[in-house]
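Think of it as A, B, C and D in the order they're written, each chain with its own count starting at 1.
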Amino acid sequence: MTVRDIVATHPRPTDVDRDLLVRCVEECIDCAAVCTGCSDGCLGEPDAGELVRCIRLCLDCADVCSATARVVLRQTEAEHAVLRPVVEACAAACRASGDECARHAGHHEHCRVCEQSCRRCEAACDALAASLG
Amino acid sequence: MTVRDIVATHPRPTDVDRDLLVRCVEECIDCAAVCTGCSDGCLGEPDAGELVRCIRLCLDCADVCSATARVVLRQTEAEHAVLRPVVEACAAACRASGDECARHAGHHEHCRVCEQSCRRCEAACDALAASLG
Amino acid sequence: MTVRDIVATHPRPTDVDRDLLVRCVEECIDCAAVCTGCSDGCLGEPDAGELVRCIRLCLDCADVCSATARVVLRQTEAEHAVLRPVVEACAAACRASGDECARHAGHHEHCRVCEQSCRRCEAACDALAASLG
Amino acid sequence: MTVRDIVATHPRPTDVDRDLLVRCVEECIDCAAVCTGCSDGCLGEPDAGELVRCIRLCLDCADVCSATARVVLRQTEAEHAVLRPVVEACAAACRASGDECARHAGHHEHCRVCEQSCRRCEAACDALAASLG
């Protein structure tokens, strides 16, 4: 797994728990891609008009997850005063997107896949935030 | 000013105060560009080794400001449960980056320009967050 | 104008023409914001279903413009073999998005504003690419 | 693998070869993360001053790969006139970053990991571009 490799080869590892850090980065990256795909899948549905809120929240979630993955990945001069609110904001974006996808998961497979990715990412962000003390 | 135009032509404006919204988006966009330029200016300095913390915090700030600009710009189905923590995380990133740039503002013009942009963006994020009730 | 300031304070300016560089960055930043706003405006329209292609192309254009702004802004160790194809890809994204917005500019003000921003950005990218020799 | 799942559940799949599309997205996502980690690893090295070019090219590559992953992932109303130059620009960014990391791969493990990721991503972009006819 390449994220773990690049984290492990850092010359100045942070004091953040490495397993929690790697898991958070991996889930953010996955969730950013899945939310991009889900918003695009929603846009291509015949009932796209019913999915406007889902599209919007998935776009937000993709943007926040992408930024969070980068901030969490960086270990040089890590700053908890930035890391913590960023990870907490990401959990909030995942929660909103996951809750909305859950409403459509019975009708649209991409929403089902996306809900699961959002839930995993929210949990990974919560776990990392909790570890920051 | 194009950001104001695109916000003003939205078919379903949010209940968020428009002036605060536009100011926040404009400052986030500016700060993202300036932090990208400052991290790159630091990297090109003969004393880049002294500026490692500044480079890192500016890269974080650019990523968080870029994501925040997008989330705040979107008015369709705006969700305060996402908007507020995202804007608060952005203020935190601007504060860290602005504080670090302030330490180098006497020696490097790009840090002086960047500190000012970070301070304005932090204030714009704080004002928007306060308005969300 | 802050982009010009941060470009001007760089310790190792590139040999790229500064006016063309600044214009390209400013237009990419503007176009990224305007395309984000236009895709969101389209999503909020009663006839969003007619605007699916416009939403998709504006999302692409916003992503490509954001990346291009960052690559062009960086002056340390600038590499034309990267800069040129990136700027050309950005011109292509602006052209597609501008052409599609033009089809809706009579009905939707955000498409009219967005078409103009896309045209300006395409021209700025073309001018920069032409200068790279 | 979640990228494959979200691509496979799209209601309107493109005519682009699915295996090439999925591989390109997966490699772009991986390369964006690895380049972010490598630039940060370089920044934390005692000889960071020797790695300025590597940091810069990895930052570019991360930005271009992130945008490319999104453009390629979107299947609704896919536009080859955008897709092709974006994927070609990404291959160029990966080539420059991979070549520079190769120069440091003997001294820095993160550069070795990053070179490999850049090479795989370049190949995946080339293969997708070639398939677009």
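The rule is simple: a contact is a pair of C-beta atoms (placed from the backbone, for glycine too) under 8 Å apart; a residue touches a chain by one contact, two chains touch by 3 or more.
Since the model is a prediction, treat every value here as computed from it, not as a measurement.
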Inquiry  = Going by the touch criterion at the top, tell me which pair is linked by more C-beta contacts: B-C or A-C.
reply    = B-C
Note = Interface copy of A-D among B-C, A-B or B-D, with over half of contact pairs matching by residue number, is B-C
Key: chain B and chain C: spacing of chain centres that average the CA atoms, whole Å   = 19
Task = Just give me the whole-number Å value for how far the CA centre of chain A lies from that of chain C.
result = 27
Key: Numbers and ranges of chain C residues touching at least 2 other chains   = 40, 43-44, 52, 56, 59, 66, 70, 74, 76-77
Inquiry  = Quick check on the complex: what are the chain C residues that touch chain A?
reply    = 40, 43-44, 48-49, 52, 55-56, 59
Key: Sites on chain B touched by chain A in the complex   = 52-53, 56-57, 59-60, 63-64, 66-67, 70-71, 74, 76-77, 79, 81-82, 85-86, 88-89, 92-93, 95-96
Inquiry  = So in the complex, the part of chain B that touches chain C is made up of which residues?
reply    = 2-3, 5-7, 9-12, 25, 29-30, 32-34, 36-38, 40-41, 43-46, 62, 66, 69-70, 73-76, 108-110, 112-114, 117
